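Naming follows writing order (A, B, C, D and E), and every chain is counted from residue 1.
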Amino acid sequence: MQTGYVLLATIAVPLLTALALTAVPSRYPNAVRVIAVAVGFVLFGLSLYAFFAYQVADGEQFQFQLRWDWIENVGVLGDHGITLHLGIDGIGAPMVLLTGIVAFAGTLISWKIDYRNKDFFILFMVLVSGVFGVFTSLDLFFWFFFYELAVLPMYLLIGVWGSSSVFPTFARTKEYGALKLTMYLVAGSVLIFIGIFAVFVEAGIGTFDLLALYQVQFDEDFQKIVFPLFLIGCGVLAGLWPFHTWSPDGHVAAPTAVSMLHAGVLMKLGAFGIIRLGMQLLPEGAEFWMPALITLGTVNVVYGAISATAQTDFKYMVGYSSVSHMGYVLMGLATMNPIGVNGAVLQMFSHGVMTALMFAMVGALYDQAHVREMSIFGGLAQRMPRFVAFFAIAGLTSIGLPGLSGFVAEFNVFVGVFRTYPALGALGILGAAITAVYILRMLALAFFGPFNERWKELTEMTRWEQAGGALLIAFILFMGVFPSPFADRIAESVLLIPGVR
Amino acid sequence: MTVAQGIFYLIAALAVAGGLGVVLMRSTVYAALFLFLALLAVAGIYILLASEFLALVQVLIYGGAVTVLLLFALMLTRASDLPETMVGAQWPIAAFVSLLLMGLLIATVATSNWPGDADGQITRLFFNELGDALFRRWAVPFEIASLVLLVALVGAIILARQEEGE
Amino acid sequence: MPEELNLDYSLLTPEFCLAGLAALVFALDLFAPRFRKEWLPYLTAAGLVAILGLSFGWANKESDFAGLLSVDNYTTFFRVFFMATAAAVALASAQFVPARLRHPGEYYGLLVLSTIGAIYMAAARELLTAYISLELLSFSLYVLVSYAKFDPRSNEGGMKYMLLGAFSSALFLYGLSLIYGSAGSTFYADIASAYAGGTEEFDLGLLMGLVLVLAGLGFKVAAVPFHMWTPDAYEGAPLPITAYLSATSKAAGFALLLRLFSSAFLPVLDDWQWMFAALAALTMVLGNLVALQQHNIKRLLAYSSIGQVGYMLMAVAALSSATASALLLHLSGYVITNLAAFTCIIAWNNLTGKEEIADFRGMAERAPLLAASLTAALFSLAGMPLFAGFLTKFLLFQAVAEEGFLWLSVIAVVMSLVSLYYYLMVIKELYISQPEEPGRLPVPALVNGLAVALVVGVFYVGIFPRHLFEAAQEATKLLFA
Amino acid sequence: MEAVAQQIPLEHFLVLSAILFSLGVYGVLTRRNAVLILMSVELMLNAASINMVAFAAYAAPERAVVIGIVFAVFIITVAAAEVGLALAIILRVFRNRGTANVDEVDQLKW
Amino acid sequence: MGMTDAWLLPVLPAGAFAVLVLFGPYLPRRGDWLAIAAIFASFVLTFPIIADLTSALAEHGEEFVGAANSIPWLEVPGNLELRLGVHVDAITVVMLVVGSFVALMVQVYSLSYMRGDSRYGWYYAAMSLFAASMLALVLADNFLLLYFAWELVGLCSYLLIGHYSHLRSAAEAAKKAFITTRLGDVGLLIAIILLWRDTGTFGIQEVIAAAQAGEIRTEVLTASVVLLLLGAMGKSAQFPFHVWLPDAMEGPTPVSALIHAATMVVAGVYLVARTLPLFELVAGGPELVLAIGLFTAFLSAFLGLVMTDIKRVIAYSTINSLGLMFVALGVGAPAAAMLYLFTHAFFKALLFLGAGSVIHATERQDVNQLGGLWSKMPLTGVTFAVGAFSMAGLPFLAGFWAKDEILVGALENRVAFSFLLLSLPVTAMYMTRLFILTFLGQAREPEVAKHAHDAPLAMSVPLALLALLTLVTGLVVFDQVGRALGFPGGIGELIFLGEPEVFHFDTGVAAASSELVALGIIAGWFAWAVRPELPQRAAQAFRPIHAMLVNKYYLDDFYQAIIDRVVLAGSRVLAWFDRNVVNDTGVDGSALTTGFMGYLLKFQQTGKLPNYALAMVIGVVALALVAFTLKT
């Protein structure tokens, strides 16, 4: 029996945890850690349940629905003005799972945070709650609410626990990174906000319920005008070129778990928004604008990959690689055919897990070495074989090696793109080849070759980091080898997106 | 020109002259005296408009209390010792804007149809009616006004009084 | 004049009680000097809360006093609103006043008296009553702003506020006179019926009157370009009074505006709608942009409040029952939030004597609860979710967009983004910058309690807005009847 | 005096008040002594009063005549209170700063 | 155990891989026995499959196109059905035998060679994964699985080349190999998707059938074929992608034997052979293959002459051989190509393992430091000689027969034929040189040579077995041998059933080639054994040419230059653009502009009261003016 209380729990548990943590005296940091990891595990379990209990092909577009009226018949709101309406479809289900995985791994990885760890986990939990909320909300208001909620704690998480970096030609303080990231994402949400206004007014049915709004046939010109708002607004969070620069800078400044969640999950919020708000709400607008999106997506892929090649800092490289990989998501979405969109959603999951792993590993190294310059490492494989193995798996996933999740996703995207835009598809595949260049370059530079004696103090990752990494790898392999559980759920819902054919 | 008109223009001229004096006189004390003139002229206008009571109040409160208060203030702030430069630096633009405003107001007056302007009769309000109005219908504003006075009183005392060590 | 008037003075009981409270405070200050130091703020707050409870007795009743004052849900809403605000400010002043000011009795007394003015501004259904109530509020504020007698900044702020206030009330009055001339009455209802059949094409008297009324009220609510006093008065005023200015003064202005323009000028909507729209746009742009460059927390909040006024003016521009209730909701959320912010700032000022933004560095280490509360308040002002600001702004902007002012909403949303920047700059000091000196500061429990209570209020509005929103809806329903 | 109405149109009073009002505005904008600014404000208030009274006087009897006069009474009252309070504040400024020149009282800016 | 059960073959080593990765450290001997057992089982299992295949052939004759068995893996609406399946036909079987046998040999060999390596267990795990992927690659019934395995093979190559990860050169070589082949893979992937786009299937046989039925648009087919070839070229180290192969010698020698000689590098050949019908449908398709093969073979042959690293010489010989195989494919003699592939696997593995023995014994791999090992390591010497001369094409060794078939196939193409002939003596010469410098003459470093000895049993047995096979496998060209082994119609008929084709043994061609080879060997003997100073003099006489050869035609430098000057420089420019233009100007700039507007605007707050009042009046006047204008 499916009930939406599972979804509600994914939102409420972290929020309540945040509240409960405020009551824990900060002189017991271990209690805070235990609580955080336990809650992370619970969330992981909940999301796993939600994912597997989701019934494929039971005729319902949205399952686990739960609906509570929140405010109605006041102001401009009609009978069901704003409802806490939760539910997931086959696209939301893997995203919920992804969030559960990354959040759990994030709590594990963050075990070693010492400085004000209570505050850290409070904000972390708020962030997680927001992310779950976005993936499960079926009400435009709450969607946006959680969307902003997910951005909100970022500033402090980065500003307080992040790190400043000085590069030869420029410097990036954590304050800068935090500020830019927050401002930029909120700037994106401004557009979404405006779009929501427009949709609400145009629909004129006095409700923010997405399911009701999906029934509304919006005027074509209206769709063409409003869709770009959602596209760019959500695109900012998805790292859409040229609105991507918050991402590398933000990651460089962010602490490990935040980078993980951010690149792993938050960037997916953007892509998810393009589906939920853009394509499902305004299919004709989507159709009209998709050629633009696919062009930008291709630029993302190639531009991100080439930029990543030039980076000398681990996090910058991974950050640009995220930009590049999110490009595949955008390309896939822009195809508007089931294969491409399916691939895009698969890529959302795959990249989420993969990039989380990568950031976790970068963090594991940085916490010991306090530098992230690739070229000053060397031969770490001898010192930290597991670390290097984990990192390499993340890298290979990002290259799109078969057997790992990246391949399944990217392959679908390529096939989908080729169906409609062969030339861009070829560019996308070329981007994947460039990915190999920078990933392998990094591996060769930092992890292989002669051991640099400067790093003889370094030790293998902590047990917590290994556990977190192993969790992520398990899912990389799971999806790489058995993609059907994902693809079945996604494909079913993708077909229900109007305009996808 | 009738007598009434003549009186009106005279009073009006005095009022305007007073006003001009207030805003233009170099000496602050003279300016205050011109204000007194203007206020008296306005009282005259009230009489023309058949509001003798108001004229009385105007002369007593404004012409008496307020002007004296202002003169005191001028002296206390020793403003009279320092002959003020006539106007601030922004006077050209101020003049322009004020003229514009005057033009707009006059245009407003000239082009509007004032609904009361119907029977050509000046409506007189008798004292008893006024009193009735003030204490019955307008009792609440009256009470509030008393609170306003209270506040002003309390405030003025608190702010103006010398504290120990001053 | 055998006119049948409803002179039921019992309708005004809460205000009489307030006046009595003020008198009691004055008297206690005079005759029980020992009492005054510690207990006056609590007495004042307790009295206000008690009267606040009393005023619920007029909920859902509709009555008026001689046509001048309405005692309806709108009035009740604002009675509660203003008394609660005054109580919070009184509590927030508890440490501040003995430390920095003299004459606490008059301070609290004036606070209570000004509340009467504010309430009557909301309740007035006639121009003279509105005007005189406005003056009551203003006079109290003139005094309170100048209350730090020996602080030149307080003097200067007070003088500017006072002189410009007098100037603006002259403009306002002249406008009222034109409207009186044009409509032939000062009663809102009469004005509305005078214009009910539409106006002649060239009724410039009305137009000029509206412009001048707008100028006067714009001054009160700090709309650009009538806002110039705001930053100076905010900076000069004693901190709790700055809070009070940003809360009650502004809210009262809007209470008056809303009732006036919905009850009296709705028929001539076309004549003034664009004025509000233009002022709203100007106000939010200027307020938020200039706020970016501030380094004093009071000035920052002054400009931020100007920005907020812009949002609220939009609601008046797009006047409808939906926007009106959204405006009330936003106003409530804003005031609670602002009070929370000021409570923290006042507490910090009491402990450190500083009010530059840079002086807040390391507050999270030294006074974590205050820092968290201040952060919550600032995030709420910026319109982040979970907090009041998100929801109220969302509904307000939504309602405005619904009325066809999408472009205004767009500007508002963009300006909210700009505002986030300067709030984050403050938050940066609180959390990211290291404190000048280590160690916890002894924050009085009461202050912590007040801050937490207000933050809970912020959350309450942000998460369970239903009741407040319904109350706002009930309050504004009659305005459009 | 009822004849006044026939001989002097309402507009004359209104124009006078407009002139006085504008003069007051000009004074506020240009005078530098705080007390003189206050005086200019008084001019403006008087202009408003003239309007009120004139409208009341010329209004049709069935209209609310009384309000104009009452209004003017209140204006005068408030103005007096205002002057008193303002002078207290100006005195305060003068004591602390040694000047009542508004151009020199500009510590609070930007 | 029939053909449809062939999926078991890759699964066994894959399972071994999984066990080794997860539990390797806890197993006795780090689990090497498990890996060997798995690959041995796979090897053994090929025989029932062969038996099944031959009986099927006997039953169905020419109609038989192979047996397939597949399971769905991923289905996406929109006509995307991804399956995992095996397809077994004769060509597969050849590859299976070669792959599993050489892998087995190499793994046994490694027992000794890799002993004491710090990552011994990991080495066997990677070897198992490699075996699994290679078997999957040849068994794949569809392009997707093929690509899947193709990439895994590349990964294993990367892992194994970089096995000595503490060496900078190994890390770089591994990277180079992966990236270079991956560039080719881009083509392969695009080709696969293009073909799917027109046919709706990934099945190799279905695609070929559709192409033959004309269902694929010509331009698409052309593009796909070229791109397929690109993939094959990358994997099979054809010019200009060949640069990675010599560097790949940084890996452990057994790895080189397995991956860079016997199996992985021939994947490209296998792919082209598999899809040859597609090539034939495209105008100029076979010719392209031919040209590339010829060019590769010819260019690499000369490089073998000047290289001094024993493994590098063999590596260039591998490129040479791969070129030959492409030539065979290009001239339409896939059977010859497969035959060469078959025999080449054994003798090249033999060569590498022999070289491994030498390196194992001397820890030197520069021929200038070797020499005089013949007496110390007789078994190695003999087997190495067998391999070398088989490579050279000395008659009656495996290489001879296979090469002869290629020559026969190329007979009709005069140009190709003459070039091929020309390359023969060169090949013979450098193989001779290699043998002489390594085993004959004086030990150049006596200390090293003194301690050299033959390899232990685990290494010797594979050497001996491979040498034996090198001696005999060539004989399968004779129908009789094939029949005797149970293949009706000989190997040739077995491989391409559609057009049965018998291996031809052309005496004329054989004679010519034998003479040329002999000439080469003699010349080599003369130059390096009899008059050792000759090569130096020649090098000095033709210094530019020698320099060009030593520098590998400057291709690596050229690529390096492209990478440094174009790719990396370009990426730095882009990164600069991103940071300075997009971010600092676009993003920070707009923020600064907003802030600056605030800065300008804040000065309206002059602090002077009259200004404030003026602003209010201006506001009033402006509003009034607009209002009046609007009204009129």
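The criterion applied here is as follows: a residue touches a chain if its C-beta (ideal position, glycine included) is under 8 Å from a C-beta of that chain, and two chains touch if they have at least 3 such contacts.
Since we're looking at a predicted model, the values are computed, not measured.
The chains touching chain C as well as chain E are A, B, D. Of the two chain pairs considered here, A-E and B-E, the higher C-beta contact count falls to A-E. Centres computed as Cα averages put chain A at a distance of 69 Å from chain B. Chain centres here are Cα means. That of chain D falls 97 Å from that of chain E.
Rounded to whole angstrom, the centroid-to-centroid distance between chain C and chain D, based on C-alpha atoms, equals 27 Å.
Inter-chain spacing, taken between the CA centroids of chain A and chain D, is 64 Å. Taken residue by residue, chain A touches two or more other chains at 183, whereas all remaining positions touch fewer.
Of all residues in chain C, those touching 2 or more other chains are 128, 132, 135, 139, 142-143, 146, 149-150, 158-160, 163, 167, 171, 178, 181, 184, 202, 204, 207-208, 231-232, 293, 421, listed in ascending order. Taken residue by residue, chain B touches two or more other chains at 88, 90, 94, 97-98, 101, 104-105, 107-109, 114-116, 129, 133, 137-138, 141, 145, 148, 151-152, 155, 159, whereas all remaining positions touch fewer.
Pairwise, the chains that touch each other are A-C, A-E, B-C, B-D, B-E, C-D, C-E, D-E.
In the complex of the two chains, the chain E residues touching chain D come out as 602-603, 605-610, 613-614, 617. On the chain B side of its complex with chain E, the touching residues are 88, 90, 93-94, 97-98, 100-101, 104, 107. The touching residues of chain B, counted against chain C in their complex, run 104-105, 107-109, 111-116, 129, 132-133, 136-141, 144-145, 147-148, 150-152, 154-155, 158-159, 163.
Those residues of chain D that touch chain C in the complex are listed here as 14, 17, 21, 24, 28, 34, 37-38, 41, 44-45, 47-49, 51-52, 54-55, 59-60, 63-64, 67-68, 70-71, 74-75, 78, 81-82, 85-86, 89-90, 92-93, 96-97, 102, 105-110.
Contact residues on chain E toward chain B in their complex (touch as defined above): 610-611, 614, 617-618, 620-621, 624-625, 628.
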